[in-house]
C-alpha cells in the first residue's frame, strides 16, 4: 500500500519506510504499516451451532449493550442525558465504555467529516464482534444540511454497516432509547450480524472508504 | 614580614645554640681519643711527626678518601655540567709586569706546593694544602696567559693515576697490612725524617697531586665557559 | 679565649644563615654558605683548643713524650681539614649551578627559579 | 499431600457461592449508587448478563503470550486468595486450603494477580495501561503499610499469624471481635481496605475519564470476562479477609454474606462521598493518617 | 670472603680508573661501571647469604686500629641486606640509564658509580664523622645526578637540593663535633654510650644530629626541595634516590637512634606520622606522575620513620615490619619511577598509553598494590604486624593516623591506576621499549612477588598454600594470549577443582561455610559459563576474576584473622579489576576501591583491637573479646558493610555494578556482596548475645531496614536496567543485614534464605539483563521495550527472577518473607520490620518497570531484528532457574539443614517440620503444598481461558486503541521514562542524593585542603631553607617542653 503512495502529500512521515541500524550494526528497512500492524482480514463468525445457546447468548448481548463513548458530531450532545436520572439508560443494560475494545455499540452521532470517518472506521474495526452501529440524525442518512459539503460524507452505510438509523436533526434522547430498543429486538431476532456483513463485503467497504479518504495511512483492517 | 620571621627563626636558632656554649667549658686536657693519639707508643706505631697528618691519612684515612672523592665528584660534575658552547668575551691584554711576575712565580709556587705535600707528615701542611697551592699556580697561569693551552689529558691522567694509587695503597693495606689504609705496608723509617711514617708521605703526595689536578680541572672548566674567540 | 672564639663562630654561622635566607641573589647566597661554613670551622677549631696547648706537631718544642700534656686536640683539626675541603667542593658546585642558572634565565634572583612548585 | 475429593468439591462450591455473591453484591452496590443519584439503576442481574455477553463475544485479539496469561494470573490471584482463605469458621471443609499457609501467604499472594495483570496489560503496549499500572503499584505500596501495621498488631495481640486462630480467638460474642478489642488496628485496616478496593477517592488507577480505563484498556471479550469474574471473587475475598481479621469471621454463610456486604459497603460509602485523589496525594495520605493509626496499634500492643 | 671494605676499593678504583678512558669509549665506561657495581653487589650479597645462614656480624677496622681510634665498618645482617638492595638498585638503575649515561660521558658515569659506593659506605660505617663525609659524597653525587638531563627544571631542583642539604649538613656537622666534644669519641657506639642527653648542650648536639638525619628523610613540611628533585630529575635517578638513597638514609637514622632516648622515638614517630598523612594529603591534588611519586615516596618514608619511632613499642617485630615495608617501598617506587621514565609522559591522565603494553600495566598495578599494602606483597604482612603491635600497645591514635595516611595514598594511587586502565587515550603515539629499560622494572616486579611470599613465611599461622592459588592465577595470566574459551575452561576447571576439594568436607563440618562456598564457587562456575559468549581473548579478565574467587575461597578457609584479611584484600583487588573493566567505570572503580579500602582498614583495626585483647589471631578468638567490644564490632560491621553496601556506604555500588560487563555484574552483585554477608555472619557469631553487641546489632538492624527502603526507592526511579538491579542489590543486602542483626534463630534463617535467594535470582536477573544489554547495546530501559517476542528465553528468566525477588508465592522468595514476619514479631522489631516490608512492596515498582520496560510495551525500530540472548548466557540462567524451582518446590530441602546449622548458635524458636509443613512460633507454611495448589489452579484456569479464546487473532504492536488514532512511533508510545513520576513527587525526597553529596563534600574538602596546603611549597629554594631551619627549631621547642 505505502509503496504506491510514496509521493502522496498526505503521507504521514511516521509511517514512511525507513532504514534503521540495529544494535549489531546491520541495517534493515522498517515498513511501519507492515511491521507494526496486523494485516489479517476480518473474519465471518458463525453463530453458535446450537440454536438455543445462540438465542440465550443473543439475549445476553441484547441486554448488555456497552456503548463506545465517542462523539463524532453534534449529536453526541444527546448521549450524556441518556445516563441522567431522567432517561436512565442503565435500566436497559446500556452503559458507556471508554474503549472500543470493550464496546458493542457505536453511536455515530450526526454529520461525519471525512477526517472523522477515518477514526470511526478505525474504532469500529477495533470493536469486538458482534458489534452494532446506531446512526444518529439525518446527516448520516443523506448528508443532511451538509449534503454538498466538500468534506462530509452523505451516506454512512457506504462505509460501515448500520444496524439502526435514527432520523431527525437532532433526534432527542427518547428517540435514541427507542433505537436501542429496536436494536435489542434485532439482536434477539438474530439479525444483529452486521459485523459479519462487513467482513463478508469487506472489499466493497474498503473501496468506498479509500475512495474518499486520501491519507489512508493505515492497514486495511484495524484490529 | 618575611624578614621578621627569619629574624625570629635565627633568634630561636641562636637560643638553641646557647646551651652548647653553656655546656662548653674549655679543655684542660686532651680528650680520650686525642690522648690515645698523643701517646708515645701510639705515635711510634705511625711514626709521623705531624699528628694531624697521622690522623688524616691513617687513623681517619677513610675520611680523607671521602674528601678526595668529593673533590673528584665536584670536578666530574662540573666537567659534564658546564660542557657546551662557550660564550665570547673580550679581555684587556695583561700588563707586562703581571705576565713577567707570573712567569717567575708559577714554577716557584708549584715547587712550593710539592714541598708542602711531601712534608705533610713532618710539618704543617699536607696533600690538600699542597694541592691548593699548585692550583693557585694554575689559576695564576690562567690569568696571565688566557690563551695558553690547558693540558687536559695530563691533568686528567694525573688525577686518575693518583686516585688509583691512593685506593691501591689503601686496599694494599687491607690485603697485606692490618687494615684498609694501614700505613705500615711501607717501612716506618726514622721518626722525623722525610722517608718515615710508612705510606703516609706517599699517599699524601698523591693526594696532593690529585687535589692539584682536580682543582685545576675545576678552574679550567669554569674558565672555558667563556672564551676569547 | 675559647669562649670568645666559640661565640664568634656561632655568630658567624648565624650571619651566614642570615645571608642565605635574606639575599635573593644566588651569588650572595653562595657567599652566605661560605660564611656559614667558616663559622662551622671556627667552632670546630675552638672546640679543639686545650688551655695552654700548642700545635700537635712534634718538634723541638714538643717532644714525643710530653705530647699528651702540651698539644691541643688534633682530631678536630683533622676534621676541619676535611670539612674545609668538602665546603670547597660544595661551593664550587654551587657556583657552577649559579652559572648555569644565570645562563638559563639571565637572572640571578632566586625568585626567578620557581618553575617547580606545589 | 493427600488428594481429598470432598474438600475439592466443597471448595469449588464455595467458589461458586463467592462468585455469585460477588456479582450480586456489585449490582446491589451500583444500584445503591444509582438510588443516591435518584436513578433507577441497573437491573439486579445485570452483572451476570455482562459476564455472559463478554464471554460470548466472538472476536478476540491477542497481543502476545503474556497478554494472554495476564488474566490467568489475575484470576489465579483471586482464586488463590480464596483457596488460602478460611471462609466459614466452624466447618473444617469451608476452610479451603488455608492449612497450607498463614496470613503472610495471603498478604503476598495478593501480588500474584497484580503482577500478572500488570505484565499482561503491559504487553498490550497501550500507554494508558502502563500509566495505570504505575499508579496502581505506587498506590498499592503505601496501602499495604497501615495494613501490615494492623496485621502485626493483631499478631502481637493474638500471638499468631494464623488466620484461623485469629478468627477462633474472636468467637463467643461480638464483644470479642477485634473491632472492639483492638479498635485502632481496625481503623488502620479499614483505611487500607479503601485503597485495596480502589474505589473513589483511590480510583486513579482506572480513572475512567482520564486514562480510559487504565490497565485493562486493551482487554475485551473473554479476557474481560475473566477479569470481571476475578473482580467479583476478589472483592468478596478481600472483604472476607477483613471480616476474618477484624469482625469475628463467619460461622455460616449468612453471617459471611452479611459481614462482607457491610465491609464492602464501607468502601462504596466513602467512594460516593469523596472525590478522587491524585496519585502523590493518595500515596502521601496513606503515609499520614492510616500510618499513625497503624503505629498506634502496635504501640498499644507492644 | 672479600672484605666489605673492598666495596669501596672496587667502586672508587673503577671510578678513578675511568678517567683514563677517552671520549669514544663511553660504552665501555658504562659497562665497566656496571661490572664494578655488580662486583659490589656480589660482595654485599655474598655477605648477606653468609650472615643469613647464621654467621656473626663482622667489624672492619681501617688502618689496623680498633675503634674509636680509627674508623670501623660493620657488616651485619641488616647492613648486608640493605647494601645488597642498594647495589641491586644501583646495578639495575645503571642498566636502565645505560644510554643516558653513555651520552653524557665518563664524568657522569663516575658520579653514578661514586653515588652507589657512597651509599654503601653510609650503610656500613660506624663512625659519625665518616658518616658525615659520605653523606656529603652522596649528596654531592646526587646534586650531580639530578642535572644529568640538564634541563632548566632539573638545574633549579638541583640548586634547591644543594642549598637545603648544605644547611642540613652544616647542622649535622655541628652536632657531630659537639657530640665529639662532649663524649670524646666519634664512634657512634661510644657516642650512644656516653649519656649526652644528661645535659643541655649534649641534648642539643643529639638534636642536631637526629634532626638533620630526619631532614635528610624529607619530613613534611621541610621537604619542598625533595619534591622538586623527584619531579625534575631523570626518572632513573629519581628511582635511585627514592629507593636506594632513602633506604640508606633510613638506616642512618636507625643507626643513630641509640644516641637518643624514648622521648626522641616518640618525636620521630610523630614527625613520621605528620609526614605520612601530610604528604599523602597533598598528593591528592597532583597531576604530574613524577611529582606524585615524590609525594608518595615522602609519605612512605614518613611511614618508615614512624615505624622507627615506634621501635621501642614494637619490640622484636620491628625489624620484620620495617624491612617488609621498606622493601615494598624500595621495589615499588623504583619500579614506578622506571615505568614513568619509559612512558615519558608526566600527566597522570596520559598514562592511559600504558595500556598499549599490558605487561607494564600489570607491573604498574603490582607496584601500586604493593605500595598500598595489598596481599600478597610484603607490605601487607608488614602493615598487618604493625597494626597488631600498635593496637597491642594501645597506640590507637597512631594506628588511626597510619590507616588514614594509607587511605589517602590509596586515593591518588588508585585514581592514577584507574587513569591508566580506563582513561580515554586517542594518541597514536606509542613508547619504545629498550631491553635495558625493560629488565629492571620487570625484575623488580618479580621480586616484589617473591618478597611477598617470603614475608608470608614469617607470618604466624599463615597457610602458604594460598600462594599456589596465586601461582595458578599467574599461569592463567601468562596464558593470556590464548582465546577466551580455553581460559574459560581452565577457570571453570580450577573452580570446580577447588569446589571438589572444599565442598564435601565442609558439608559435614560446617554448613555455614558450605553454603557460602556453594554460592561463591558454584556461582563462579555458572557465571564463567556465560563467559563463553565472549569472543576474542578477553585480555586480563580471567586472572582478575580468579583472583576474586581465590580471595573468596580463602575467606572461607581462613581460620585466622590474618588469613581472612589476606583473602579479603585479594578479593577486593580482584573485584576492583573486574569492576573497572566496564566501559565507563573509571570513577566507579575508584569509589569502590576507596570504600573497600576504608572498610578493610576498619576491619584491620578491629582485628588489631581484638588481638590486643585476646592475644590470638584465631578467628574464633573474636568471641572472647570483652572490653572494647562495641568499638571492635562496630568497626568490623562498618568494614563488612562497605561490601554489603549498606546505607551511607553504598554509593560505589550502583555505578560499579551497572557499568560492569554483563557477566561481571552477577559476579560482583550476586556473589561478591555475599562476602560481606559472610563476614557479618562471622562477626555476629562472635558477638553472640553479649548485651553490648546487641546494642550494635540494634543499630545495624535499623541501618539494614533503612538501606532496604532507600535502595528500593532509588531502584524504582532508575532508567538504567543494570543500575536498577544494582540498587535492588543494595536493598536486598539491607534485608540481609537487618535479618542478621536480629540475632535470633529465625532472623538468621531469614538471612540465609535471603542470601541463597538473592544469589539465585540476582544472578538470573543480572545475567539475563546483561545478556540483553549485550544484544541491544544500551542500558537504558526506555530504549528497549517489546523484546518479549524476540527474546522469550530472556523474558521467562526475568519473569521467574522477579516473581522470586518480589517474594510472591509460590516461588522461593516467599520463604524469606514468611520467615521474616515470624522473625520480626518474635524479635519485637515491629517498626523496622514494617519499613523492610514497605520496601519489599516498593520492589514491585522497579520489578515491574524492569520487566515491562524491557520486554513488554512497544518494540523499537532498531531492535526489531535482535536475537534471543546467547546460549552461553541461557545455560547458567536456566541452571539457576532449575535451582530456584527446586528450592521453591521443596523448601524443606534447604530450610531443614539450615535450621540445624543455626541451632548451633541459636537453639531456640526454630521451625518445626511436619512433612512439608513448617511451623514457626507464629505461623505455618507448606511450600510444597502451596506450589502444588497454585500450580493446579493455574493450569485449570489457563485451560479454561484457552478453551474460551483459543482463536484470538495475533495482532501487531500498533493495533491498540489509541483514542481512534494509531500510534506514530514506538518511542513515543512506550511509556517508560520516569514512569513513577507521581511516586517521585510524593516520596522522592527520601532518595535525594544526600549521601553522595556528603561524600562528595568530604572529598572536596580533602582536595581543597590539599590544594591550599601544598601552596606551602612555593617553589622558592630560599623559603625551603627557612622551613628547614624552622623545622629544626620546632624540634628544639618540642624537646625543651
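Letters A, B, C, D and E mark the chains as written, and numbering starts fresh at 1 in each.
The definition used in the following text is that a residue touches a chain if its C-beta (ideal position, glycine included) is under 8 Å from a C-beta of that chain, and two chains touch if they have at least 3 such contacts.
Because the structure is predicted, anything quoted here is derived from the model rather than measured.
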item	value
Minimum number of chain-to-chain contact steps, chain C to chain D	2
Smallest number of contact steps required from chain C to reach chain E	1
Longest centre-to-centre distance from chain D, chain (CA-based)	B
Pair of chains whose C-beta contact count is the highest in the structure	D-E
Farthest-lying chain, centroid of Cα atoms versus that of chain A	B
Computed distance of Cα centres, chain C from chain A, in Å	112
Averaged-CA centre spacing for the pair chain E and chain A, given as whole angstrom	69
Whole-Å gap separating chain B and chain E, where each centre is the average of the chain's CA atoms	55
Mean-CA-position distance for chain E and chain D (Å)	53
Multi-chain contact sites of chain D, meaning residues that touch two or more partners	59-61, 217-218, 221
Residues of chain B engaged with two or more neighbouring chains	6, 9-10, 13, 17, 20-21, 24, 31, 33, 37, 59-60, 63, 66-67, 70, 73-74, 77, 81
Chain E: positions in contact with at least two other chains	129, 133, 136, 140, 143-144, 147, 178, 180-181, 186, 953-955, 957-959, 961, 1026, 1029
Pairwise chain contacts, counting only pairs that touch as defined	A-D, A-E, B-C, B-E, C-E, D-E
Contact footprint of chain D on chain A as seen in their complex	38, 42-43, 45, 56-57, 60-61, 63-64, 66, 69, 84-85, 88, 90-91, 93, 95, 97-99, 101-102, 104, 128-130, 195, 223
Touching residues on chain A, where the partner in the complex is chain E	12, 14-15, 18, 20-24, 26, 28, 30, 32, 35-38, 40, 70, 99-101, 119-120, 122-123, 126, 218, 222-223
Chain D residues touching chain A - in the complex, by the definition given at the top	34, 37-43, 46, 49-50, 52-53, 56-61, 208-209, 212-213, 216-221, 224
Partner chain B, residues of chain C touching it in the complex	2-3, 6-7, 10, 13-14, 17-18, 21-22, 47-51, 53, 55-59, 64-65, 67-69, 71-75, 77-79, 81-82, 84-86, 88-90, 92-93, 95-97, 99-100
Touch list for chain D against partner chain E, complex	1, 55, 59-66, 68-69, 71-73, 75-76, 79-80, 83-84, 97, 99-105, 108-109, 111-112, 114-115, 118-119, 122-127, 130-131, 133-135, 137-138, 140-142, 144-145, 148-149, 152, 155-156, 159-162, 217-218, 221-223, 225-226, 278-281, 283-284, 287, 294-295, 298, 302
